[in-house]
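Same chain, two partners: chain A is paired with chain B first, then with chain C.
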Partner chain A sequence: MIAPLQAQNPIIRWSWFIDEWDQVQAALVQHLELTLLALGLGLLLSAALATVALRYERGAPPITAGAAAFYTIPSVALFGLLVPYTGLSRATAVLPLAGYTLLILITAIIDGFRSVPAEVREAASGMGMSPRRRVLTVELPLALPYIITGIRIATVSTVGLVTVAAIIGQGGLGRLILDGLRRAFWTPMTIGASLSILLALMLDLAIYRLGAAATPWTRRRGA
Partner chain B sequence: MTECAIRLLNLTKRFDGEQEPAVSALSLDVPRGRTVALIGPSGCGKTTTLRMINRLVEPTSGRIEIDGEDASARPVAELRRSIGYVIQEVGLFPHQTVSQNIATVPRMLRWDRGRIDERVAELADLLGLETEQLGRYPDELSGGQQQRVGVARALAADPPVLLMDEPFGAVDPIVRTRLQDELLALQERLRKTIVIVTHDIDEAVKVADNVALLNIGGKLEQYAAPDDLLHSPANAFVEQFLGEDREMKRLALKRVGDLPFERGPVLDLGAAPAEARALLGDARSEWLGLTQDERFAGWVPRERVDTAATLDALPRELPAAQVHPGSTLREAMEVIMNSRTSVAVIDDGGRFGGVVTLEQIRSELARRAS
Partner chain C sequence: MIPLPFAQAAVPRGIGLAEWLVDVDTWLGRDGILSSGLDTVTLCAAVMGTGMLIAVPSAALLAHSRRGELTATALVTLGRAVPTFAVAALLVPVALRRGWGFEPWPIFIALLLLALPPLYLNTYTAIRHVEGGVVDAARAMGIGERTLLLRVELALALSVIFTGIRVAAVQVVATEPIRAFLGGDGLGRYVRDGLGQNNDTLIIGGALLIAALAATTSVAVSVVERLVVPHGVRRLKQRTAARRGSVG
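Presenting the complex of A and B:
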């Protein structure tokens, strides 16, 4: 049990933060790496699965149901479940994390492509655009606002989940939190949790900015 | 050069799971450089027919020839790039600027940058789009402007054939009328082969050289020039579809300039009063029109003429009832109805161009269209 706040165990001790900066920085970098790997893999898998769901009418329900079922598995249990197969490796952390992004990303991609107005598709085909060109130059850009929103939600939730990966020794800011818990010492917990929140907010803002730059037409509407 | 740009031969379309064919055994010739309207009640297969021409719908049987060539033998992308396509919802790409939208087909055809820019500027000019609007996104334009961009985009690669599916159905009546006029002016210059689908008979007779009236199931009931269609409907279905006021609709097709010249009870100011009195007696008119230097100067009531020593001293009432050679007979009739003299004066670019009377309009309507 964690000790209550006391004079000798304040919520943050700045000297520790300065002395242990190397450790904190390493944890932050690991955290970022795990997040990006999981998101990258999640996005690839989602793109593939969403493509199938969009192409085959009957593919969509089982695919989204599967992703939803995966989402319900508690992360701690899943990490533990994978250890016998993939060991205490990075893959053991990244695979479940990527899996948790699927529900959000697949739904976002499907919604995005379904939001493309039928008449836009009709006009593109009617002008002799090949299906491939139509998807890449017309439908994908129009689906982007949905996809970007999905990526933002997936990013924020993944940054939070990465802290759990510390229990299988994959480092990250979760390690600082676990460390603090074990030693009943507030400072690393506070720093680990705060940096995790900060990282989530910064990534969210960055993706928002990138998304806005990539979809200029959405801001000049109704002028 | 073949006479027919598009020829539909025994065209049938049966959609999966439907009892009746959407279009059955339709044959139709669309002459080169002409506008043909496909019209009929909903379910008559007019849009399906249009979409078979650019193969968005593949026919179940029958053939489509474009310039004498079987359309189904050409690669579909290439075929569509050679046919302009305009739809009611316009379908502009919301993420692209107006000029990028217009450049869609030229880009697919790999034109070089300079040629594309030149063509976009040319089309903007042709359709009355301002340079400043070219950099905008479609959502920033009004419905009418969007449809102009849609037409510009369809014309971008200068296709000989233009297919239009209810192109003006989504805009308000005032804008619709203006867009129809613009289409007529455009067609005057470009002479494209146009197939236009509409459910509005007034639009069909206004913009088309030939009207194909389809019944449910794509059955062709009558294919004729608008005036023929309105004057002599082939059967009861056509008659009912055209409505009670089909003779009135014919009035909108004819122009004042097409009427034989009639001077009416009109004289020069310098003419002798005796000549005027003789003219009024013959014409049984209550009013005498006066011209000065070949311009219409005004009307004088008959009783004044009876006692006048000279015509130029009489007080004249200026004409409120004026039409132009380009006015339709329908417009002329409205003017006549509202005029005290029961006559409309034709103003031909400032000069007196004769008069229009109800009698003239009546005899024009009675004349069988050529």
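Presenting the complex of A and C:
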């Protein structure tokens, strides 16, 4: 176990932060990459599944139930189960992380499109828009606020989960956390944990700003 | 692989999953599945108990007096986003300095933060959405505020509160295994040891045990709900849960 002497290590030693900046930066970049890869993959899958769910009424319940069931699989268990098949690779980290975003993203996309008033849809069709054009230029923008909220929640939760992927040797900032814990040297741990929380907040703010810029009409109504 | 400073279960290499799971020694003893599982269940039960004691009464009182609407909305976003691992890690040196030891306080607090949002949110929304007519009728019958909250509002909200309990409990049980990577043991230890020893049997076996416990938790809460919530109230659930806000 940990000797009492080591427990007295300072919570953060700034000189380490400066000396080991390369390591911290690499971890930060990897953390960002894993987050974006998982989100990208999750968004693609969610878009496809949500399309099916919106198109066929009967498809929606099994799709959301499936995503909800997936969401309850413990992350440690899922990473562990994949290791024998995909090894300690990036895929082993990204696949479960993408899977965990599905429930949030699919629900957001479905809610978003269902929020479009029927009159708006009929008006667009009445103006002679093709279904594809109607979906892309009328329905999608109107659904966007819901989808952006979903992406924000998915992003913050993914940034948090990426740290857990450190147990399979991925995990970006999570590796700093594990490293610090194993050596009872708190500096990398504190830095890894703080930066991962900071990264989540920054990404959340960035997506919020992007979303606000993409949907200028929502600002007036104070929604 | 970085060496782990924690005690590890020694498992012979090359043993099959079925062989490992049927071996008596796997289950019994200090490092056995039963004792590790009990560790996990005890911690999760303590977290859920504390969480319910904090969240349910406060949410019920605030919803009854129609206050704190903003807190509830803010919690919707927070609920899915608590970075348990990072929070627990940050708390480890704090706990050590205070002399609380390596374990299990950091993970306890981190899990508690994970459990509170769904508990609070579902209690709040459920009570807030009890039909106004029912509340008015109860008041007109001369029922006191306390009885109103306890016997009418809480009773009608019970089913949705149980959904919150189930969501929270499953998340807590599903997240608890990271404790094994934070200096503790519990059911996550087999995945940890398997990764450390490059032993697939241990990894898969441990992962299956964790997943099974999470699934069992969901079923167990449903069973308790069936026993506790009256039939008529259960039928209200579909209607109330469909409204925005509650997790389920």
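Operating definition for what follows: the second predicted complex is superposed on the first by the 212 of 223 C-alpha atoms of A that agree within 3 Å, B and C clash if a C-alpha of one lies under 4 Å from a C-alpha of the other, contacts with A are read in each partner's own complex, and residues count from 1 in each chain.
One rule holds in what follows: a contact is a pair of C-beta atoms (placed from the backbone, for glycine too) under 8 Å apart; a residue touches a chain by one contact, two chains touch by 3 or more.
Being a predicted model, the structure only gives us computed values, none of them experimental.
Ranked by how many residues of chain A each touches, chain B and chain C are led by C. Once chain A of one complex is fitted onto chain A of the other, the partner contacts of A:194 are limited to chain C, with no touch recorded for chain B. Applying the stated contact rule after C-alpha superposition, one finds that A:123 touches chain B and leaves chain C untouched. When the shared chain is aligned, no partner comes close enough to touch A:105: not chain B, not chain C.
Of the two partner chains placed by superposition, only chain C is touched by A:153; chain B is not.
Legend: residue contacts after superposition of the two complexes on their common chain; A:142 is shown touching chain B, with no touch to chain C. Of the two partner chains, chain B is the only one that A:215 touches; chain C does not reach it. If you check the complex, the residues on chain B that touch chain A are 54, 56, 76-81, 85, 87-96, 104-105, 108, 136-137, 139-140, 150, 153-154. Of all residues in chain A, those touching chain C in their complex are 1-2, 7-9, 11, 72-81, 83-84, 104, 149, 152-153, 156-157, 159-160, 163-164, 167-169, 173-174, 177-182, 184, 186, 189-190, 192-194, 196-197, 200. The touching residues of chain C, counted against chain A in their complex, run 1-6, 77, 80-87, 89-90, 92-94, 96-97, 102, 170-171, 173-175, 177-178, 180-183, 188, 191-192, 194-195, 200, 203-204, 206-208, 210-211, 214-215, 218.
Across the complex, chain B is touched by residues 117, 119-130, 133, 138, 141-142, 215, 217, 220-223 of chain A.
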